[in-house]
Amino acid sequence: MDEQLSYLGVPLIRPRVGFFELSSCEGCQLQLLNNEATLLDFLNLVEIVNFREGMSERGDTYDIAFVEGSVTRKDEIARLTEIRKNAKILVALGSCACFGGVNQLKNRFRDPDWVKKEVYGDFPIETMEAHPLADFVQVDLSIFGCPIKKEEVERIVTDLVVGKTVHHPEYPVCMECKANENICLFELGEPCLGPVTRAGCDAWCTSNRRGCWGCRGPAEAANLKQLEEIMHTYGFDRETILDRLECFGGFASFADTIRAQAKKSPARRKKS
Amino acid sequence: MQNKLTFLDVLDPGPGTHRKQDPGSFEYTLPAEITSIYPLTASEKLYQIQIIDPDQRNRFSFRPGQFVMLELPGIGEAPFSISSSPVRRGDLELCIRAVGNLTNFLARIERGARVGISGPFGTSFPLKKMQGQDILLIGGGLGIVPLRSPLLSVLENRSRYGRVDIMYGAKSPAELLFTYQYEEWRRFDINLGITVDRTDKSWQGRTGLITELLQERIYQTTSLRNNTYAIVCGPPVMFHFVCKMLTEAGLPMQKMFVSLERRMHCGRGKCCRCNIGSTYTCLDGPVFDYWSVMNLKEAI
Amino acid sequence: MKLSCEVNVHHLTRVEGHGNISISIKNGVVKKAQWQVVETPRFFEAMLVGKHWENAPYICGRICGICSIGHTLASIRAVENAFGITPSAQTANLRLLLKHMETLQSHILHLYFLAAPDFLGAGSVLPLAKSHPEVVQRALRLKLLANDACDIIGGRRLHPTRTVVGGFTMLPEKGELEKIRQRLLASVPDLLASAELFKTFAIPDFSRETEFVSLKGDTSYPFIGGGLVSTDGVLKKERDYRAMTNEYCAEGFTSKLSKLSRASFAVGALARLNNNFTLLHATAREISKFLGLLPVNHNPYMANVAQLVECVQVTLDSVRLIDTLLGAPWQEPRQPVQAKKGEGVGAVEVPRGILYHYYKFDSRGKVIKADCVIPTSQNHANILRDIEALASQYARTGKKDREIELLAEMLVRAYDPCISCSVH
Amino acid sequence: MIFKVFKKQELARLHALLAVNIIVGPVSKGNDRNGKPLYDFDVVYDFSDLALDYTQTVHSPKRFVLPYQETLSTFAVSRDGWEKHVDLNVYRPLVFFGMHACDINALNKLDLVLAQSTYPNPYYMGKRKNLFIIGLDCNPEPQCFCRSMGTDSAIHGFDLFLTDLGGKYFAEILSATSFDLLSQITCQDPSAKDLARYKHVTSEKSKHYTASVDTSDLTKILDLEFESAAWDYWGKKCLSCGTCANVCPTCYCYGVAEQVDLDLQHAGKTRSLHSCNLIDFAKVAGGHNFRPQSASRLKYRYYHKHRGFVEAFEESLCVGCGRCGAACLADITPPEVIASVRGKE
């Protein structure tokens, strides 16, 4: 643990790493503990200085801050700003941090007070719209997914340590889905966001015969118009598309467009 | 058990295998060592790389214009033009600009490090055909790197060629490569024209586009048609203007050579990443005559 | 002797979510003893309104990263109850197996990574990797087994992909199940070694009488569905959950709180064990006795021991379940779902206690009303009372601030609270 | 070529004879949403699992010679240097039981680039050379246009080819191994009746093609229509998802990625199949993308298959199996694309 890291004779700095969570299920952090087989190697590669869910010791400066969760209360903006100040690289960990995640589903109600009342009645509770981190601070790197894929985080952390730039796949999930030799869920009569969602999860859901809900947000050249077309062709109504597009926030603006159109025009007839 | 099919080992060297046809050579890299590193500019360094095994080193031969694939485990593998003279064989010089994973890691590496080399790959400049003719070597930016090997070759056999012009342009004086060698090159009776887009205080030379240098050269001759060959290396925009100008000055397209760059993952005509149509930059190129490039869609 | 003490723990570590402890003792008199929950609410119950039934398990699983499987299963059960769907025996067995594996992974995570450092005098598991490598390796082995099993059955160890209303999208390979079975059997020595380890831990001597509530097992130790029972003699049907949870809001808590017969009650491993001790597997019962845990035990720190006993319980019961599953050919993984108007409740014993999901649907199967009652929120009032009792028990003992702080922290950790979950 | 006929029930014996090897063949994968049966190639342990009356598999047999992902080499890295280990990932022969003509021809085309050109790819060759192929005749599906591509029958690239004559199989024998095998089951030389029947079956088959592509002068047309608006039309639809290349039996473009292991003592190099439709396919150093538009990438796939490859090998890199069109969610099919580029429709 104390000896200097190096690779091919090039000395490497063991980054000081902190994990932080805002509004979230803490599942993404948990995924890191879920690396049983490689956890010890992982711990050798980095120096964890802050990980509230796992340890009591705390440190205040870090090379990499992994921030999980979205911002849903004022005090979280302050915490996030503080983390940003202390971190060289700020990583948005998981869909909540990248896009608002499931938390942003409440943003779709026009009346925020209704939302509060629905859950807490008249008890006063502080909250605001759910936001991704990038709405308040500069995010240097995003790790997508709900939950994040531990292999991907390990790869990214190794790349950061050896100094490689992190490239996310730009193509959609279909590419990985097909490489897993899955039969397309559309053929099996189920909707899927694979054609527009950024790959990198190795088609986690579709390989388990579950349609993709777009947790990793849009692929680089996401052809959303065509997706809508496909959904209609295969007989899925607008709400089914919206359920998926709205779920994690990555497609929020496109979902809004569809909602807005829905108000204007009646549902398009499906191709027979 | 006679119905158990027999297993064929393709790496088993059968009789009469040709070197390139030997499948065992596919992923095989020659162990090599970085023997010295010279920083040339802020982002480019010149690496001297020696193939470790003396036998392999001496057998390694290449022609100017060809490239090697250089590999670092887990970091990457990429094509680099050989910029040393072919007489030096497996004692290579590569000039590498730090732009990405492999190249940035190389920039941090120390002398003595091990790398893997495979190749040489690709086509080369037809130096034999160029003998007895005037030669224009036109390079922009990093384009001087693939030009250096044919240049050194020409200098070593200076008497076999006619007039030799080098035109080299860079964005700024700080980005000029091989500055320490200009004097030496000039001594060989060649015209060395250097220009930069942007100047700074220290710069005494000329400012402007490389096309202006070329224009001046063209004015000195009536036509380039009969006695000239050109080699053009640089960014795609430069190809475009320079080649057009040369064509207008009468230089036939098949006497103009360019070196193209594409993303390459194998260097062996398999990965398709460098394809332009079915033309592989790695097999059919990187050196093409301008006529072939004109006929390739989306080549530059 | 120093009879004053100030404890202020802001964002307690090694628990899921954000909670604060503050204790103030002046000259042997407790001035303040507080447990506060400051986690930001995420409003899952509101999010679901207007969404199609299919969203409920998918979205609600995301209430919690640790017990996402439990949430998904409770949610599915609520939807199935609303639509009048009875899962096939195969589905029920697979779900229970999946549930067991989540229980195992969550308990091991808590026991070794969150709780054990306190007993071994460390701030986290990291130094233990050096000082007690075999302990850490054992924990990793057990957790890996549980997680691998969750991958194989649920498609993913966290936020499962295969679990849907009506059954599963896909079934595990039988060969894979067989491998899990063997690994489960092979893990028994690790569990016994864990028992030996916990036997050496000095469990603080503290107890406070309270009401323990859990699901009531009929013939087997309860995990999925059924009525509830309490040590105060309450019995209620699954659908009458509100009569037990009685949620209310209170100052200092962004989570809701619950009460039943008294000011507070406790749920979780200790409650389950106190109420269903006789239904434990014989070996699990033996281990419970070995560790000095017999019903009804009122020492909240013994929840750790109860979790360990449950690890043995679920491991052995999983072997039984796999035997049953492997003993029959695979049936259809999934039955068709017909949405209809109605309401349904799903109760599941997740690692930290009883979890309820409730939905009301319109005729198109859209959610009109959703309600999720989380075990940790049921425990909050009890944690608060325990902290108060702990403070007064130690008020005149002259313990150092740090000692009392540690005892209080360990007390809260013993409940293995899932705070973000309780606020949701 | 040597021809034989044998009774249908002999096929199970042939299977039994080969069963000491790993056998791969078509198996049923349930039905699609319209109740149409689905098939794919998979390892087969039991003769009854072989779905020999299969229509077309969803995925091509390509992965058995060119896996979607493959480790090319691994490295052991130490303080003083590193070593590279290459493993071709092939250890024993594979029997392919029941491959249609298009897929056999697809392998033949892959051979041109991967086995018969400069720098043969040993990962491919190792698998390809250790493949024993039993071909099987088929009935055209609505998406099949193999006849236009001249790949509706296979003349080489297999060991044995079977045609269903009703109660018998008509066998074309191309390798000594398959000759040996057939000598272990009961078979006869074809009678005049068998031959007549064989000719009848093949001519019946050719009547059932519904899809076609006009390939006359296609290389030239493609060159002329480089700027055609048709490309933009299809480009707008294309999802840039790479599904077409993945299901295609001849698409072989790939990418290589290197990864250092978490322990910094190992590293690896993986090849994975790519597709020219993917947005980052033509990116080079400095981030420049030679084909940023979806239309230009889609066009590129057609140019590579129907023009570039023809220039290099005098045949096209498409066998007309129609899988890409069938799998494309945007309904982009080669017959339609080519017709529209030709200005038809």
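Letters A, B, C and D mark the chains as written, and numbering starts fresh at 1 in each.
Throughout what follows, a residue touches a chain if its C-beta (ideal position, glycine included) is under 8 Å from a C-beta of that chain, and two chains touch if they have at least 3 such contacts.
These numbers come from a predicted model, not from an experiment.
Visitor: What's the chain with its C-alpha centre farthest out from chain D?
Guide: Of all the other chains, the one whose centre lies farthest from chain D is C.
Visitor: Where the CA atoms of chain A average out and where those of chain D average out, how many Å apart are those spots?
Guide: The computed centroid separation for chain A versus chain D comes out at 36 Å.
Visitor: At what distance in angstrom does the C-alpha mean of chain B lie from that of chain A?
Guide: A distance of 43 Å separates the two centres.
Visitor: Could you state the distance in Å from the CA-based centre of chain B to that of chain C?
Guide: 65
Visitor: Taking each residue of chain A in turn, which ones touch at least two of the other chains?
Guide: Chain A, residues with two or more chain partners: 7-9, 162, 164.
Visitor: Specify, in ascending order, the residues of chain D that touch 2 or more different other chains.
Guide: 77, 82, 259-261 - these are the residues of chain D that touch more than one other chain.
Visitor: Spell out, as numbers or ranges, the residues of chain C touching 2 or more other chains.
Guide: none
Visitor: Looking at the whole structure, which two-chain pairs count as touching?
Guide: So the chains that touch one another pair up as A-B, A-C, A-D, B-D.
Visitor: If you look only at chain A, which of its residues touch chain C in the complex?
Guide: 1, 21-31, 33-34, 36-37, 39-40, 43, 48, 51-58, 72-73, 76, 101-103, 105-106, 109, 114-116, 118-121, 123, 125, 127, 130, 146-147, 204-205, 208-210, 213, 239-240, 243, 247
Visitor: Give every residue of chain A touching chain D within the complex, in rising order.
Guide: The touching residues are 5-9, 12, 38, 41-42, 44-45, 154-155, 157-159, 161-162, 164, 169-172, 174-175, 178-181, 183-184, 186-189, 194-196, 219-221, 223, 225-227, 229-230, 233-234.
Visitor: Note which residues of chain B are touching chain D in the complex, please.
Guide: Chain B reaches chain D through residues 1-11, 20-21, 23-29, 73-77, 99-101, 103, 114, 116, 261-263, 265-266, 268-273, 275, 277-279, 283, 297-298.
Visitor: Which chain D residues qualify as touching chain A in the complex?
Guide: Chain D residues touching chain A: 29-30, 32-33, 38, 40, 58-59, 63, 68-69, 77, 79, 82, 236-243, 246-247, 259-264, 272-273, 275, 278-280, 294, 327, 329-331.
Visitor: In their shared complex, at which residues does chain A touch chain B?
Guide: For this pair, the touching residues of chain A are 7-10, 162-165.
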